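Data first, discussion second: the structure below is written as structure tokens.
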Amino acid sequence: MSATAPTAAPGQETSPGRGSLSAETGPARAWRWLREHAVNIVAILVVIYLLVPIVVIFVFSFNNPAGRYNFTWVGFTLQHWSHPFSNSELTEAMLTSIKLALLATVVSTIIGTMMAIALVRHKFVGRRIANFLIVIPMATPEVVMGASLLSFFLILGTPALGFETLLIAHVMFCISFVVVVVRSRLIGFDRSLEEAAKDLGAGPFTTFRLITFPLILPGIFGAAMLAFALSIDDFVISNFNSGTTVTFPLYIFGAAQRGIPVEVYVVAMILFFATVLAMGFATWQQRRAERMTSIRPEQESDIVLPGIA
Amino acid sequence: MGTSGSAKKGAGRLALALAGLAVAVGLAACGSGIEGPVEATGAKVELEKKATGNLVISNWPLYIDKKTVPNFEKATGVSVAYHEDINSNEEFFNKMQPQLSAGESGGRSIFVLADYMVAKMIKLGYLMELDHSALPEVKANLVKNLRHPPFDPERKFSVPWQSGMTGIIVNKEQAPEVHSICDLFNPKYKGKVDFLNEVRETVPLVMKCEGVDTEKATEADWLKAIEKIKTAATDGQIRRFTGNDYAQDLTNGNAIAVMGWSGDAVQLQADNPNLEWRMPTEGCMLWSEDMIIPVGAPNATAAEAFMNYVYKPEVQANIAAYVNYVTPVEGVQEVLAKTEPEIASNHLIFPSPSFIKNCSPTPALEGKEEKNVIKAFDEVLNG
Amino acid sequence: MVAAIRRRVPAYFLLAPGTLWLIIFFVIPLYFMGKLSLDTEIPGTLHYHFTWEWSNYKEALELYDTQFFRSFEYAGIATVLCLVIGYPLAYVIAFKAGRWRNLMLFAVVAPFFTTYLVRTLAWETILSDESPVTEFLHTIGLAPGGHILATGFAVIAGITYNFLPFMILPLYASLERIDVRVLEASKDLYASASSTFWKVTLPLSLPGVVAGTLLTFIPAVGDYVNAEFLGGVNNRMIGNVIQSLYLTQSDYSAAAALSFVLMAVIMIVVFIYIRFAGSEALMGQEAT
Amino acid sequence: MSSELNSEVTMDGNQGAAAAPAAVSSVELRGVTKRFGDFTAVDDLDLTLGQGEFFTLLGPSGCGKTTTLRMIAGFERPTSGEIAIDGEDVAALPPHKRPTNTVFQSYALFPHLSVEKNVGFGLKRKGVGKDEIAERVAAELQRVGLAREANRRPSQLSGGMQQRVALARALVNLPKVLLLDEPLGALDLKLRKGLQVELKRIQREVGITFVYVTHDQEEALTMSDRIAVMNRGHVEQVSVPEEVYDRPTTTFVAGFIGVSNLMPATVSAAGKVRLDGGPEVGADTADLANGERCAAVVRPEKLTVSMNGAGPEAGRPRVEGVVESSLYLGTATQIVVNLGGDVRMTVLVPNADEAERQRLPGGGAKVSLSWAPEHMHVVRESPNGNG
């Protein structure tokens, strides 16, 4: 609703009363224009600020450094874009990251969704504690989480640090976010739909399969996307618990010591564009699904009403 | 009926899981210590003359040319997974330590680590003894002065990978007068100087500036030098403590004079011709990094084959030409003289004895002294 | 009674995997870390044994109090900066963007997709001493030392940048929920544009402000990537200390003690803050 | 247990019971109580519904009518008491095993399924064959006039159409009892009137027992065979619409249905009550004891208003008061007369003649109200308060 609100600043509607615009002097008019658009200008500046590093990464992915160091602009080349996966170490790290993120997403989404359902749908003893258990990891700095998990693995002596411990850690910090996202979807869920299904003879499991699940699916999907993003981008917790397994962020951190190969920028941009595409596709899908599923009474007037009275 | 049955089963499983957890926690709490008993294996590498199978190597980034590994694979049929996953001696050690103490190597058969870390691992019993009969090229070509280091007098556990010199790297245009470690403290270069985050190189270099003989330095000398570094850091004289990332500061113009390693200079010049490695007037620090085989390493035969392979002068010539450090292999200069004469004549890669006459080996630090020195230096590092 | 228990079992069954995961891999590790923080190392062995060594805390805090306070200072400043520059953008997206709304929202989340470390490295390039940006800032007097990198300013700027989306998104979410008619009513009742903002818009968006500041502040306090890449000798944060104690110095007890104090202080700060600002934001808006 | 269950779910051949005598109970509630924590939503409720009856639960929001409906449907379990459908106790059965279907207030149409799939949902759960489902769904959609909308999504339909989908979705299963929870509440007045007629027609056609929940007394009076008026968890009166309207038994029922025209009174003798500050009037006081407080009800259209001094017709009881307001309602004029204290009486005068309307007393005028004795009815004070 607010999206369609006119962009005109509030001051405008009062101005005719004060006299014609032409009576204002040039600087006064400029000042007024500036005041009316100040917030827009600030917003645009912030958007630019947000996008600057992305542009820099993009530009430097075409750099052609003479030595090993992609720090200063030397010249344009397509060489690194034509062989983005020539650096096997980097490619392997990227694949490890993707595998890890996929697994962590699947596991955390499943158990997080289960938790969210339990929290929203069931009254039980210990509900407050369970809620607390979910909030606390989000209120804990990553460095503390990583360090405590490392203490745990060190003292236990098993499993050996590596892919398994990374998976454990990633699932751990994704769960809370999944629960929060799915829970918000469930809270907005019309319970009478489930009652209707039960009323029509569907048992609890059938009701979940045919009604609840399809309708909270967009929420689950959103949660999965968030989990994937968190996992693939995680550096701090991974750095503590990776052992000798190298993920993409860990590779970058290591490479930063010796000079970042241009391929890192290329792969980062590929990841960027892939995510943008995936997100665009998901939004499109979700909007399509929502268009089909939402009950919008305001559409009533669009449809010819057969007279029944 | 069905519901309550499965529910009971579910509850039972839950109880079982909780019980299991309690036991696990209880056990862990009893064995209050980070590691179990160390199995000081020191096992001898089994003799299996033909190297086959897979070999996993952990080395520092950009520490080998692009041809050597594929050539080795072709020559032996061993399939190599070469990881550039070492960025810090301590960090790598700490990540591996839990596995090593359990007698496992994380599937890796070769690590490349600094002398002092190798010394520490020998003491902890984390390394396998080498079979010298499998290393004829090493025996033949290892340079004389690296054959009997104090921490491994007979090279029973380690084979040098590369050596190098720690000195200063300057931007000739912006810091022309920097020739000594002491010059790095010149306020003219305030905020434009990087020091190394390696206690065993940075502190002795500063001691040299103070006129202390690093090989006879006392704990007090160390702590005094650290104090000097700390003052410079707090004053903003020193911009950052870095590892190899001083390269970034130099190419970006963030730093104009740094403590740096000889091998980096050549590569840095490719990015910025004004950069130059200089031998400090007080002399440099000499170090080397060694290939080692950790306990529990699979396929030690292939690992030794690899060690042996890189000691062939023709092979080592490729590595030396790429990494530009001081090579521990005799005969490389001769090979390179034919193919790449300017590298063969580079005194950073093949330093003459007179060039390094003031240089000293990285000093050994022991026991309480080590602990105190490291603690003091870490405090400076952490600002 | 029996029926009631039977009906609750599925709840516990649904809850069990997640709860167990969080208990085993979050709560118990915290317990172990707490224990480790009271351990003593058997010299030279990397073995630890439990001795109620409270002096670990005292020593760690004495050595690293500077970094500790600095972390809260940097995170606090960065959070305020995020709020100040994030609010106008969130406001514009919610009320004025029109058909540009989705594009602007995309701009907010876009940095997420480029990998945290890579975008921090990009800032390292942008802010390097000889870059045009630094030279410009130097000429207008904003970079007194001639450099921006390796200063607290750079670290704060990096944190601000990296956590800005965490501020903007909750702000946007709460602003977007405001009924435009309420703002119209305010104007109808003779409030000027600015008093409408201060008396109506801002109070209604407070849940977003609370959520945003927490989502920014908490990770910012523990962050060490920005200090690592953008900071210098005198800008190290407590995260750098903890990670170096753990990962390079193997001083596990000191690291554990510092982690524990950090977590405890953050909890206290957050608790006080929530007391002042209301709890809905962090606990999730169950009601809506 | 399970065989009984199956026989209950199969409920074909039930259609013919349209005019079944009320003696055969369709739904029976015995001593049903529902508590939510400290709050008692339904208190010791007894109800017996006849086969094929259109039965309405009427009352203000919070009176327990929806909770009662939900207990019949199985969404809530009674705290105590028994619920039987066709003589079988269903208290322990979950909703999907009860021979009831519900039309929800918000319709609860599955937004991700087409109209056809929505309507066929229940049959599919019962394992009815594909062809039969298609046939029955088509027939049902035909009945509610939505044959052409079969492939649309609920969001593409108007509110009235959605309502009919919800009805079809429930009816197609031929439940023994159809439960309707304010099914017309979300629709505008005109649409509601039309659907009331249609709903009644369909109910006669299928002959299923309807339990209808509403707070709209007019709707209840129009459609129901019988009405149960509920107040704070209790049933105050169960009867046919005419009786509920004309002969309410409690002050609550009298007040809730129609305009509240209650004059406080006391039983003065058998067959006589004395209005507070007014005359003693003869009335039916069969249930009341001597000296008991009660209220006299006269419906607004049964009152005659006359200017003070004008002679009342002989034998008609009358009271005095002051006109508070006079409102033109189009077909009638509504005059509110204050009898003193807080007692206000509403009079409805049909606007038959414009000249006569002009002569009606205005605000402040002293008037007297009179009525024929047979139009006055005495009600007991509601034991549960007035709402």
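Think of it as A, B, C and D in the order they're written, each chain with its own count starting at 1.
One rule holds for everything that comes next: contacts are C-beta pairs under 8 Å (C-beta built on N, C-alpha and C of every residue); 3 or more make two chains touch, one makes a residue touch a chain.
All of these numbers come straight from a predicted model, not from anything done at the bench.
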item	value
Chains contacting each of chain B and chain D, listed by label	A
Identity of the chain that, by mean CA position, is farthest from chain B	D
Closest chain to the centre of mass proxy, which here is the mean CA position	A
Centroid spacing, where centroids are CA-atom means, of chain B and chain C in whole angstrom	35
Rounded Å distance between chain A and chain B, as computed from the means of their C-alpha atoms	39
Separation of chain A from chain D, taking each centre as the mean of its C-alpha atoms, in whole Å	52
Where chain C and chain D are represented by their mean Cα positions, the distance between them in whole Å	58
Where chain A touches two or more other chains, by residue	71, 154-155, 253, 256
Multi-partner residues of chain C (each touching 2 or more other chains)	10, 12, 23, 28, 32, 35, 125, 128, 246-247, 252
Per-residue multi-chain contacts in chain D, two or more chains	none
All pairs of touching chains, each written as two labels joined by a dash	A-B, A-C, A-D, B-C
Touching residues on chain C, where the partner in the complex is chain A	8, 10-12, 14-15, 17-19, 21-23, 25-30, 32-33, 35-36, 85-86, 88-89, 91-99, 101, 104, 106-108, 110-119, 121-123, 125-126, 128, 161, 164-165, 176, 178, 180, 187, 193, 196, 214, 218-219, 221-225, 229, 238-239, 242-243, 246-247, 252, 255-256, 259-260, 262-263, 266-267, 270, 282-286, 288
Residue numbers on chain B that touch chain A, as the complex places them	24, 28, 31-36, 58, 60-62, 82-85, 87, 92, 95-96, 98-99, 102, 104, 106, 108, 243-245, 247-248, 251-252, 267-272
Chain D contact footprint on chain A (complex, rising order)	190, 192-193, 195-203, 206-207, 210-211, 214-215, 289, 291-297, 299-300, 303, 305-306, 308-309
Residue numbers on chain A that touch chain B, as the complex places them	65-69, 71-72, 89, 153-157, 160-162, 242-244, 246, 253-259
Sites on chain A touched by chain C in the complex	1-5, 7, 9-11, 39-40, 42-43, 46-47, 49-54, 56-57, 60, 71, 110-112, 114-115, 117-119, 121-122, 124-125, 130-131, 133-145, 147-152, 154-155, 168-169, 171-172, 175-176, 179-180, 183-184, 187-188, 229, 232-233, 235-236, 239-240, 248-249, 252-253, 256, 260, 264-265, 268-269, 271-272, 275-276, 279
